[in-house]
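Okay, got some structures for you below.
Paired with chain B in one complex and with chain C in the other, chain A is shared by the two complexes that follow.
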Partner chain A sequence: MAQTINTEVTRVDARRKVTGTASYAADSIPAGMLHGALACTAVAMGRIAGIDTARAEAEPGVVAVFTHETLPDYKTVKGFYAGGPGSASFWPMEGTEIRYAGQPFAYVVAETAAAARRGADLIAVRYEEDAAQIHMDPGESFIIGAGEDSEGMTLTKGDIEAGLGAAAQTVEATYRTPFQHHNPMEMFAATAEWRGEQLTVWMPSQSVRTLRGGIAKAYGLPETSVRVLSPFVGGAFGSKAGVTPYAMLTIAAARAVGAPVRLIVTRPQMYTVATFRPETEQKFRLGADADGKLTAFEHVEIAQTSRFDDVVNPGTHMTRSMYACPNIHTEQRLARSDTNSGGFMRAPNEMQTFFGLESAMDELAWKLGMDPVELRRVNDTNRHPVKDVPFSSRSLMESYDAVSRSFGWADRGREVGSMTDGDWLVGYGCATATYPTNMSPSSARVRMQGSGHAYVELAAHDVGTGSYTIFAQIAAAQLGLPVEAVDVVMGEADLPLAPIAGGSTTAASSGSAVHIACTNIARGVAEKVAAQKDGPLAGLDPAQITLENGVLKGPGGESQSLAEALASTPMGEIEAEGQYRHPALTDKALRMTYHGGYGVAGPVTPEMAMFAFGAQMAEVHVHRYTHEIRVPRLHGAFAAGTWLNRKTAHSQLMGGMVWGLGSALHEITEVDTPRARFLNANIAEYLIPVNADVRELRVEMLEERDDYVNPLGVKGIGELGIVGTAAAVGNAVYHATGKRLTAIPMRISDIVSA
Partner chain B sequence: MKPFEYLRAADRGTARRDAAMPAAAYIAGGTNLLDLMKLEVMQPERLVDINRLDMKSVETTGEGGLRIGALVTNSDLAAHETVIADYPLLSRALLAGASGQLRNKATTGGNLLQRTRCYYFYDTAMACNKRDPGSGCAAIGGATRLHAILGASAQCIATHPSDMAVAMLALDAEVEIEEESGETRRIPLREFHTLPGDTPHIETVLPQGALITAVHLPAPAGGTQIYRKVRDRASYAFALVSIAARVTLEDGKIAQVALAFGGVAHKPWRDPEVEKALIGKAPSRALFDTAADILLADARGQGDNDFKIPLVRRTLRAVLTEATGGAG
Partner chain C sequence: MSKRPPDLRRPGVSRRGFLQGSSVVAGSLGLAAGEVRAAAAEPTSDTRNIEIKINGKTRNMSVEPRTTLVEALRDTLGMTGTKIGCNQGQCGACTVLLNGSRVNSCLTLAVMAEGGEVVTVEGLADPSGDLHPMQSAFARNDAFQCGYCTPGQILSAIACIDEGHAGNEAEIREYMSGNLCRCGAYPNIVAAIVQVRDSQQG
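Up next, the complex of A and B:
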């Protein structure tokens, strides 16, 4: 049997995706389906003073127009940051209140999608408008739970002022990051069909269990009465994790009109009806002795949040885990403004904070006159700087050394502005990448047939990353089958528990569950064949039979392939479940996951700190006259335990770096301050990198063994590649121009005015 | 989207007749019009599809120039042999615009008439004099990074987004039109687009119902030709600033020059005073800066777009340096 782990395996769904036969949630069209459309507010704050739906109702094809007064049975759930499954705590259309621009105020159902949209546009609405503020005021920031239990949101170790006092060099700097939107290719969509008290919902989701649990509870239905289906997801990045108003409105509307209803949210509406990455400010004070050893590390992160949720993505927990330092002070702060609630977007704790941290480290290196790579080396540590437990594995400097070699770091000019290429100023920059290794509990069911076929079933999700493929590989490797002989079924809430596809946990957590289920299959088969009269393993103690690459082995060298052994049993078929739970997972976190929440072990357990690491290097060209910033080379080296599939892992890391490049140079949700609206709400004007921006992009994947993290030794990689890219680019801009850009995206206008 | 009537015209006469009502619009590639209709920024009641009309060829004219049919796609025009050989800056400008897919659909006529990318124009929740005359201009005092620094008014500060038109302006192009009456005439491109003034919803001098049939380029003027488009994203993005330049040197002096600017005004911008100041002079950094001073004498930023003023100056320096062989 060919080895399937740590090889390049083409996605099992590749052909279906490129031929259009992969069915996404909105491709399911129940008989008699009608179409929904949202009407959203122009103003950001105030009240609905009146809605006139007469013209919409008269529009041909329109079946019904619902407002806060006319939608019976519209149910809501608690918001995520209040411990519920909802995308936000404030629910539109419960009353007249308007809390953010682009808030749904009416829901139109029509025979065609065009009629529904037209109907939505024909609704006349009067507002009582109040003043709204879209940008946070960092001066008004607060620490969550200050005065109560604020454990973790602030941290002090040692004496930061003493550490700064003792430093040979200090850096004090503030960095800013903007509002950003996920912009998955696949639009937000929800289709609801009621049959009596049985509800089916098709919806692209990162958590079908969360969705089912939330809906069932809201409607007081048993979970068995609610089916949630999300077979494929066309990108999510955090935007499809929660129970959203557009889903609950669709479910209520379908109930009200007595027919299935499908809503596809428009691209501009996608900017306001769900979450986004909040804007932030990152304040650092670093001190180092003459050798570069950190004597003081202070990081205060201020992140924007809505008026009704404390959206906290604790980035300071990541930065304070990074470098050795005796004196550490961190604060996790929020500042409110008038938007819908933000949420998590790919590397939600890390992208912004590592732009700050790694830019500040670069400033420090220049002040010290040190090679920035050496500054990281001097401060590298194999114990967690705060919790003082060892890292389960940490290949930070191996990553720097590998990327330095491939990039040619040693060839850089040592002075600012010392390299040019024609009219372009050239600079090199580097930065650290890291991502916490979090493990959720997960289950999986595996059924194997003696004919040599296996089925893997679990309520996990393939958000485009390749989960279908890696689960097939894990099962194939253990059961001794070719990858094509394993069918993976996912994206249904009725299947065995799997966690939210978030925090880069799926491969490690659900992959471990698949692994355990396969081990259990082997045990079941071993028991049966050991009890049989003949056969190579007959009469052995089943506890002594082991499974290796699909072959059962006895203590005396007896062996039989699992498939053969299975075929010899009376049923010729076996089913087993696997339950994975990291030993450090608390009961509370376990319960949380079973109730649709995000319960994890890690990244720091009582005995270990679990993180993946990497290093990125960018060559940046800044045009002497026009100040255009281009990145002809971007190299990254990463170590993240076992590589399950070198092809999909490479894609994740490369895609992450492209995303990081976008956050460095392009990505920003433009804001109209007077009216508190997001402006460039479409993908023509919300810029992300195109091919011409991504030139030489190299990913090096280092070998790393970690027996602590989980049975497979896997760390999550879906977000790792984004972290640090923006700082690497910014640091290279500084090297090229001597201009330190402290906000992303870094654009022509910033250099012209810097 | 507002429901509309759709007519496909078989010939120009029918097209003009069908379009002879204020709420009608011609549709060519549809790459701009359809987007705006979906957002209800434009709400024509009747679409007259002109794609079957015989306006798809590029011909050499008696004057030694080119006549480019209004339906020639941006892709075809960019790849046309004569254009590449004799009007290279036009080919480069076209290729710097939009994406391959869009250029395959976008037409010469439609490109000239494409509307501004002002975010506020696109968002029907915002006041916009261009979309809804008299409603105000939400962009002023708002997010103005993309807006005009020249020729703006208190009613509108939008820019014209076309690359092709900037190149054609530097090439002294003329727009051939057929009026509702059937009468054909040519309008110099320099006079075709208008400044916003008090009527930002009017963007050209094209009469109501008139059809653009072609664009004429005069006989090739030669010289060094450059199209320089400055933007944050390396491709598939509108210009923050662009410059189309045609420069001929004789005896070390600038003998002929044409300079057109994009991304700076409500229309592709050309300033004869700038060109006059350059002609007959030996290229130097000081000379280029003098040209920029003349160009930008009345430039005014709105805040977010203040950077465009130094950016135009710097880009002009880059373009003229390159065009004159490195004197700057």
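Up next, the complex of A and C:
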């Protein structure tokens, strides 16, 4: 059997994706389906004073128009940050209250999508408008759950002022990051079909179990009465994890009209009906001795949140895990403004905080007159700076050394502005990437047939990450089958539990469950064949039979392939479940996961700190006269334990770096301050990198072994690639121009005004 | 009698250039405080019978004049291979070939395709199931992750070579910039197109 792990395996769903037969939520069209459309408020704060639906109702094709007064049986759930499954705690259309711009106030059902949209446009609404504020005021920030516990939102180790006082050089700087929206290519959609008290929901989801649990509880139905299907997800990045108002409105509307209803949320509405990355301010004070060793590390993050949720994504937990320092102080602060609740967007704790941290480290390196790579080397550590436990593996400097070689770091000019290419100022910059290894509990069921076919089933998700493929690879490697002989079924809530496809947990957590299920298959087959009269393994002690690459082996050299052994049994097939739980996972976290939440072990356990690391380098060209910023080269080297599939892992890291490039130069949800609303709510004016923006992009994947994180030695990589990119670009801009840009995205105007 | 629809191809226009001419603002958010929100023009609801050759097969359907080509494909004919990514002509996910040219099928009314020939992702593999070389190259090069923009990318990639805009990587990047990929598979998309271009020349 050919090795399948750590090789380049083409996606098992590639054929479906290139032929248009991969079925995304909105591609399922139940018989008699009607179309939904949302009408959303133009104002950000106040009350609905009146709604006139007469013209909408008269529109040909419109079946029904629902408002807060007329939609029966509309249910809501508790918000995620309040311990529930919902995308936010405040639910629209429960009353007249308006709390953010673009809040749904009516739901139209029609025979065609065009009629539904037209109906939504024909609704007349009157508002009583109150003043609203969309930007946070950092001066009004507060700490939730304040305490001196290092798990909490503040941490003090040593004496920060003494550390600053003892420093040879200090840096005090504030960096800013904007509101950003996920903008997956697949628009938010939900299709609901009621048959009596049986409900089926097709919806792109990062957590089908969370969705099913939330819906069932809201309607008082047993979970067996609710099917949630999400076989293919057209990108998510954190935007499709929760139970959203657009889903619950569609479910209620379908029940009210007595027919299946499908809603496709419009691209502009996607900016307000779900979550986003909140704007932040990152305040750093760093001190270092003459050799560059950190003597003081202070980081205060202030992040925007809504009036009704404490959206806390603790980035300071990540930055304080990075470099050795005896004196550390961090604060995780929030400041409220009038928006829907934000949430998690790819590397929700890391992207913005590492833009700050790695920019500040670069400033420190320049002040010290040190090579920025050497500054990282001096402060590298094999023990967690706060918890003082060892890192289970940490290949930070191996990553820097690898990327330095591929990029040609040694060839850079040592002075600011020392490299040019015609009218372009050239700069090189570097930055650290890291992402925590979060281990969630997971289950998987594997059924194997003696004919040499296997089925892997679990309620996990492939949001484009390649999960279908890696689970097939893991099973194929163990069961001794070709990858094509393994069918993976996912994206259904009825299947064995798998975690939310978030926090880069799926490959490591659910992959471990698949691995354990296959081990249990082998044990079951060994017991059967050992008890049989004939066969190479007959009569052996089953406990002494081991599985190696799909072959069962006895203690005396006896051997038989697993498939042959299985075929020799009367049933000829076997099914086994695997349940994975990291030894450090608490019962509380286990319970949370099984009740639709997000429970993990790590990244810091009582014994170890589990993180993946990488290093990124950017070459930036800034035009001498126009100040345009271009990134002709972006290199990254990463180490994250075992690479399950070198092809899909490469794509994930590359895609992460493209996101990082977007954060550096393009992405910002612009704000209309007086009207308190998002302005560029479409995918043309909200810039994301296009093909022409991405030039040379190189990803190097280093070998790393980690026996602590999980049985496969895998660390999650879905988010690692975005971390550090923006700082690497900004640091290169400084090298090219001598201008320190402290906010992203970095634009021509910032170069002019810096 | 076949009526040739207007040529919707915009040769030589990059995404950014195109967007300068089509500033689109969220319609539902354009009103001042207290304003009554209601559209003015009266709609029409008559339907037209049209005939379009789709993937070599003549299809007759009855559509409203306002029905877009992508909604006719997906909702009227049940051909869901073509995806909607924005419905505003901004992302290219809905790209199909209309009379050999790539068009955003969300910005094309179905009646505009009357008498024309449309190729969608469902029409690329040959009847025996063998993939089109561009489909194979996308699979081999991992030129996607979530796969949602892929049908549009593949049709755009085929047209990119046919138009003669695949001379070098920089040109491919420019002429593929109307098709957004949020997963960031761009370098692999370019690699796939280069491979197909080279195999066609060789």
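Operating definition for what follows: the second predicted complex is superposed on the first by the 748 of 754 C-alpha atoms of A that agree within 3 Å, B and C clash if a C-alpha of one lies under 4 Å from a C-alpha of the other, contacts with A are read in each partner's own complex, and residues count from 1 in each chain.
We take it that a contact is a pair of C-beta atoms (placed from the backbone, for glycine too) under 8 Å apart; a residue touches a chain by one contact, two chains touch by 3 or more.
In this text, all values refer to a predicted model and were calculated from it rather than measured experimentally.
In the superposition on chain A, the chain among chain B and chain C reaching more residues of chain A is C.
After overlaying the two complexes on the shared chain, residue contacts for A:Ala410 are found with neither chain B nor chain C. Within the superposed three-chain model, A:Asp423 lies in touch with chain B and out of touch with chain C [touch as defined at top].
By the document's definition of touching, of the two partners only chain B reaches A:Thr673; chain C does not.
In the superposition on chain A, contact is made by A:Ile748 with chain B only, not with chain C.
By the touch criterion defined above, A:Leu665 lies against chain B but remains apart from chain C after alignment on the C-alpha atoms of chain A.
When both complexes are overlaid on chain A, the residue A:Asn691 reaches chain B and chain C alike.
Looking at the shared chain after the overlay, A:Ala31 reaches neither chain B nor chain C.
When the shared chain is aligned, chain B comes close enough to touch A:Thr626, but chain C does not.
Shared contact residues on chain A (touching chain B in one structure, chain C in the other): 42-43, 101, 114, 118, 121, 268, 677, 681-682, 684-685, 689-693.
Contacts from chain A toward chain B in the complex involve residues 42-43, 101, 114, 117-118, 121, 268, 423, 623-630, 665-666, 670-675, 677, 679-682, 684-685, 687, 689-693, 745, 747-749, 752-753. Of all residues in chain B, only 1-3, 39-40, 117, 119-120, 122-123, 125-126, 138, 141-143, 145, 228, 230-237, 240, 304, 306-307, 310-311, 314-315, 317-318, 321 touch chain A in the complex they form. Residue ranges of chain C in contact with chain A, taken from their complex: 14-16, 19, 22-39, 43, 45, 64, 66-68, 71, 74-75, 78, 80-88, 90-91, 93, 120-122, 124-125, 131, 135-136, 138-140, 142, 144-151, 154, 170, 172-174, 176-190. Residues 10-11, 13-24, 26-27, 29, 35, 39-40, 42-43, 52, 55, 59-61, 101-102, 112-114, 118, 120-129, 183-187, 232-235, 237, 264, 266-269, 271, 463-466, 647-648, 650-652, 654-659, 677, 681-685, 688-695, 697 of chain A are the ones touching chain C in the complex.
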